[in-house]
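The data blocks that follow each hold one structure.
Two complexes are shown next, each including subunit A; its partner changes from subunit B in the first to subunit C in the second.
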Partner chain A sequence: MKIDAQTTDPHQLPRLIRQAEGAVEVDHCLGQRFLGTALEAGRTLTIRGVPGNALGAYLDGGVIEVYGNVQEATGDTMNEGKIIIHGSAGDATGYSMRGGSILIEGDVGYRAGIHIKSYGDKSPVLIVGGAAGSFLGEYQAGGLILVLGLGCEDRAPYGYFCGTGMHGGRIVVRSDHIPVNLPDQVVPQDLTADEIEALRPHLEAYCEAFGVPMSRLLPHRFYALTPNTKSPYRQLYAMS
Partner chain B sequence: MSLMNTFPSRFEVVRDMDKCIACGRCVVECGHGVHRFVKGTKKLAADERRCVNCYRCVAACPTGALKIIPNRQAVNESSNWSAANRREIALQAESGGVLLSGMGTVKNYPLYWDKLLINAAQVTNPSIDPLREPMETRTYLGRSAAEIRRDGSGRLISDLPPHLTLETPILFAAMSYGAISYPCHEALARAATELGTFYNTGEGGLHPDLYRYGAHTIVQVASGRFGVHRRYLEAGAAVEIKIGQGAKPGIGGHLAGAKNVGDISRTRMIPEGTDAISPAPHHDIYSIEDLRQLVYSLKEATRYEKPVLVKIAAVHNVAAIASGIARSGADIIVIDGLRGGTGAAPTQTRDNVGIPIELALAAVDARLREEGIRNHVGLVASGTIRNSADIVKAIALGADAVAIGTAALIAMGCHMCHSCHTGNCSWGICTQRPELVRRLDPDEAKAHLVNLVTAWTREIKELMGGMGINSIEALRGNRLMLRGVGLTDAELRILGVRHAGE
Partner chain C sequence: MQKEGQVRIPSGCAIVGAIDRSGGTICGGDMVRAIAVMHDRSNGLGGGFAGYGIYPQYKDLYAFHIFYAGSSAKETCERFLEKHFDIVNLSKIPTSPHPRVTDAPLIWRYFMAPLPNKLARCQLDEREYVVRCVTRINTQMKGAHVFSSGKNMGAFKAVGYPEDVGEFYRLDEYEGYAWTAHGRYPTNTPGWWGGAHPFALLDYSVVHNGEISSYDANRRFIEMYGYKCTLQTDTEVITYIIDYLVRRRGLTLEEAANVMAAPFWTTIAQQEPERRERLTFLRQAFGSLLLTGPFSILVGFTGGLMALNDRLKLRSMVIGEAGSRVYISSEESAIRAVWPDLDRVWAPRGGEAAIFTVKEGA
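Let's look at the complex of A and B:
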């Protein structure tokens, strides 16, 4: 089913997508919110243009592919499925996601991957091709945030307060730069050749989705940010 | 020498040796490890420092040999420095830690419920006998239709927004599985179902075995999004966004890794043994517009079939905040006052942050009416609703319904030892220790909850009948039914009531 967003009531658009059967394509998208909310497994949604906030919130197995940029809160609390963005993404992308993956060709805004967590066989993956804004991976409790830093080779490809409150999971960065003002709660460590090799399926997923040759990503230095067990994010309580 | 060891314990454990048969029941029953056998003997001893006066050993002792009394040891205190101040300082001097407490504040803030008096009909407007005449306590929570529209043939177009229908204006407040035990949750779910009202999952997710009570469940979404997924949202009758809680406004939640075990971790959908941290703010909400986005994404996920509640703590500018929430698309606002309970909160936050629910409720109701948007939302008040008269007063001040947490816990056997944060509840309520959890019989707890709410509903009808009111609708926001005693002009103005005698 094909929908022209330009000639469709924006408030009806999410319902039309939800009620459609099989694959849905939306053309001329321009800021319409809440598209693909809780889309189930087996469903696909292809969007051309720029969808609005909360794209694919609570995604439950569906696949969303966007040819364009996306706005804020993409993939909020997603449980399963895949969101592929041929462009850049706004703030709070992947907020509290528990499973599935989000692939962003370009950059991502502030507060990406905040509070992402893993559970059982679920382990969310957020891949950013370019750079991320500040507050990347705050309160991260599980899963993987992978920042490739393409086009941002001269500096660390993320902003301030990266990983504040982090208590699980990994942020992996393809970069030669580690900022001096990282929060106490994260420790950087270079990936070994084996660890980079283990990352290959994620790199291949990125290359395949966006037609980028692997030679642009590898070989390169990668390092991981993980929670600092010596300075854990916890309050010391006095209990009587 | 440890500072705490030089400080007298709060309680004394008095054992009547003439009655004690050294059966050791107290050793088994105490969740806090007070009683023990002296090694190699049949002699019982008590570590009084651990005692929180939960009353479990006293109730269980087969010969009535035990009594817990306040420590008779004189403690030097003054009108400025209480024994509690001194004990807390010693504890912090020793540990360097933040003070943690359970339940609601113990500080003596004004209880406006007790300074409000209810009216009764005499002569000119006859009172009604609820045993003889029908009294309506059914309550609809949600957005009222702003306008009445008819179709071409004059029939009403009934595209009412979704509502919650309560047979009595009493909800069970949000208490998470993890904070309280599984049998507690089961009892609340079954009682809500039997009573025709709702309980609230809190932010710890919904246990798979309780999905069947979904029609009487409000599922909560907090900043940590624990256990939130499509089926969870679809399971409930309504979805609540938790912004704040009366006992700890501005503070997030933190379930220690040690408590995050077994079913708790499965229900929260996070790995066992990891800390469950709910950051204080929702990192996607920085404005009413952002709140609106979350409200509508939840409505989208539930196909506009379920109302969305937003729960906030009563804070200084609560009226303006509530006005924003009413415009965010939320259907129901829950306001939790200063004296509300909690499983664990930093003591100073619990005891010093927020404002009393009575003032917050009156201010919010007045503000929403002034702005002509009171009918856009349902209003629920919570935070020390202790009896049916408090409920009548809350409704007269403008609430549609109230939520009860502490009262429900007491009905299930809580003895208010304020030690929920230790996880050692001897009554099996605020603990996950299997041997303690087993003590709470969900059938009995459910029956007690049903009894309590049924009794309170009868009393509400009595009080309404006394006022000559036969429908809860006619009581709502009816502040003429209230008078204040011993209140200042400012308090009367904010409450919107006149002084007794006026």
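Let's look at the complex of A and C:
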């Protein structure tokens, strides 16, 4: 089913998508919120344009592919499924996700992967092709955030306060740069060749989604940021 | 109705700005169409716009936009204006009746110059003279509220959704080199016409999405310098902070941004020595003007726009560039609605002032 978002009531659009059967395509998307909410396994949603906030919130196994940039809180609290973004993403992408994967071709805003966690046999994966803003993986409790840093080779591909409040999971970065100002709640460590090899399925997923040759990603230095159990998080906001 | 202090309304907002750096004109109607995309970020309790370069025929005169509760307030205020200004032109601001914009006050516009004798006698700088007149009207004249007082610019605001407010003020009849727009979702104060954004003083205007938790600390400081916060809203205090820092203390806009959204001490410690010293000085000298809490603001001024997020970037804001045009918005969709083809879309970092100005001589 094909829907022209320009001629559809924005408040009805999420319901139309949910009630449709089979694959749905939405054209001329412009700021409509809550698209693909809780989409189940077996369902696919293709969007052209710029969808609004909370795209794919509570996603439950469906696959969403966007040809354009996305705004804030994409994949908020998603449980399972996949969101592929042929563009960049705004702030709080993957907010509280506990399963499934989000693949972003370009950059992501502030607080990507805030509060993501593993749950039961689920472990969420957030892959950023370009660079991330500050507070990457803030309060991360589980899962994997993978930042490939394409087009951002001259500096660490993330901003200040990376991993603030982090207490579980991993942030893996493809970069030669580790900033001096990392919060002391995270510890950087280079990946071994075996560990990089273990990442290969995720790298392949990115290459396949965006038509990027593996030779652009590998070989390269990767390092992981994990929680520092010797320096648990206290507080940031009130003290400084 | 209940006003500020009598009621608290718990709860976002939407902002859009546009500037043509080569000095070309942008139609007010485009701003209306852009902000309309973010309808759901407002709740109908306030919408407004500020246009720069919209009064070229009176560009050397102060344009006052004033709300009056009734004709007696108007008579009192006009007597005051006649005593202090040479009024070159006055008229009602043209509006169209709109079903969703109701309870309009009387809305008048005055193009004026300070009376030379009066100005000379009080030994004040011309702009300070104008500020004091505005403050006097807004604090002492019941039923009169000056909501715009700059040269070759004007604010237009009301209670309602911003797209309705734009139609009410017939903004498609205005053209300017820069604009800001706001859709309001009031968080602490009731929606009334004076409380809508933008807040403007002289040619500075501010639209704001967020909630400043330092409001009272900021207010106490700024009121020591003759400003009166009459509306209990955080945006009003931001407008006065900018006027104080930039006009009165001579800081650059970027320095003012480093005061309002000062980096964390840990971030300052990592800067090059010269920058570290400057940031330390600003934070120490103007500590009471640090704004805490979430905000994204657009500041309009003669010749440009500044976009600024709080240092933690707790609100969304994106910038789209296309040739000489720059668009700034809470959501990219609002930009794409009117200007679909952009060369570049990016988001400034928290606390990073993005300043865009019209080329000299344009």
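Definition applied: the second predicted complex is superposed on the first by the 233 of 240 C-alpha atoms of A that agree within 3 Å, B and C clash if a C-alpha of one lies under 4 Å from a C-alpha of the other, contacts with A are read in each partner's own complex, and residues count from 1 in each chain.
Note that in this section a residue touches a chain if its C-beta (ideal position, glycine included) is under 8 Å from a C-beta of that chain, and two chains touch if they have at least 3 such contacts.
Since the model is a prediction, treat every value here as computed from it, not as a measurement.
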First (subunit B), second (subunit C), both or neither touched by A:His86: neither
Partner chain(s) touched by A:Arg43 [first = subunit B, second = subunit C, both, neither]: neither
First, second, both or neither for A:Arg174, with subunit B first and subunit C second: neither
Contacts of A:Arg33 with subunit B and subunit C, given as first, second, both or neither: both
Partner chain in contact with A:Gly165 - subunit B first, subunit C second, else both or neither: first
Subunit B versus subunit C as contact partner of A:Asn53, first or second or both or neither: both
Chain touching more of subunit A, residue-wise (subunit B, subunit C): B
Shared subunit A contacts, counted only where both subunit B and subunit C touch the same residue: 33, 53, 72, 91, 135, 237, 240
Subunit A-facing residues of subunit B, complex: 4, 87, 91-92, 94-100, 223-225, 228-230, 233, 254, 269-271, 274-275, 277, 279, 283-284, 293-294, 296-297, 300-301, 303, 346, 421-422
Complex contact set, residues of subunit A against subunit C: 10, 30-31, 33, 49-50, 52-53, 69, 71-72, 88, 90-91, 109-110, 133-135, 159-160, 180-181, 237, 240
Subunit C to subunit A touching residues, read off their complex: 37-38, 40, 264-267, 270, 312-313, 316, 318, 331-334, 336-337, 345, 347, 349-350
Contact set on subunit A toward subunit B in their complex: 14, 18, 33-34, 37-38, 40, 53-54, 57-58, 60, 72-73, 76-77, 79, 91-92, 95-96, 98, 111, 114-115, 117-120, 135, 138-139, 141-142, 165, 167-168, 233-240
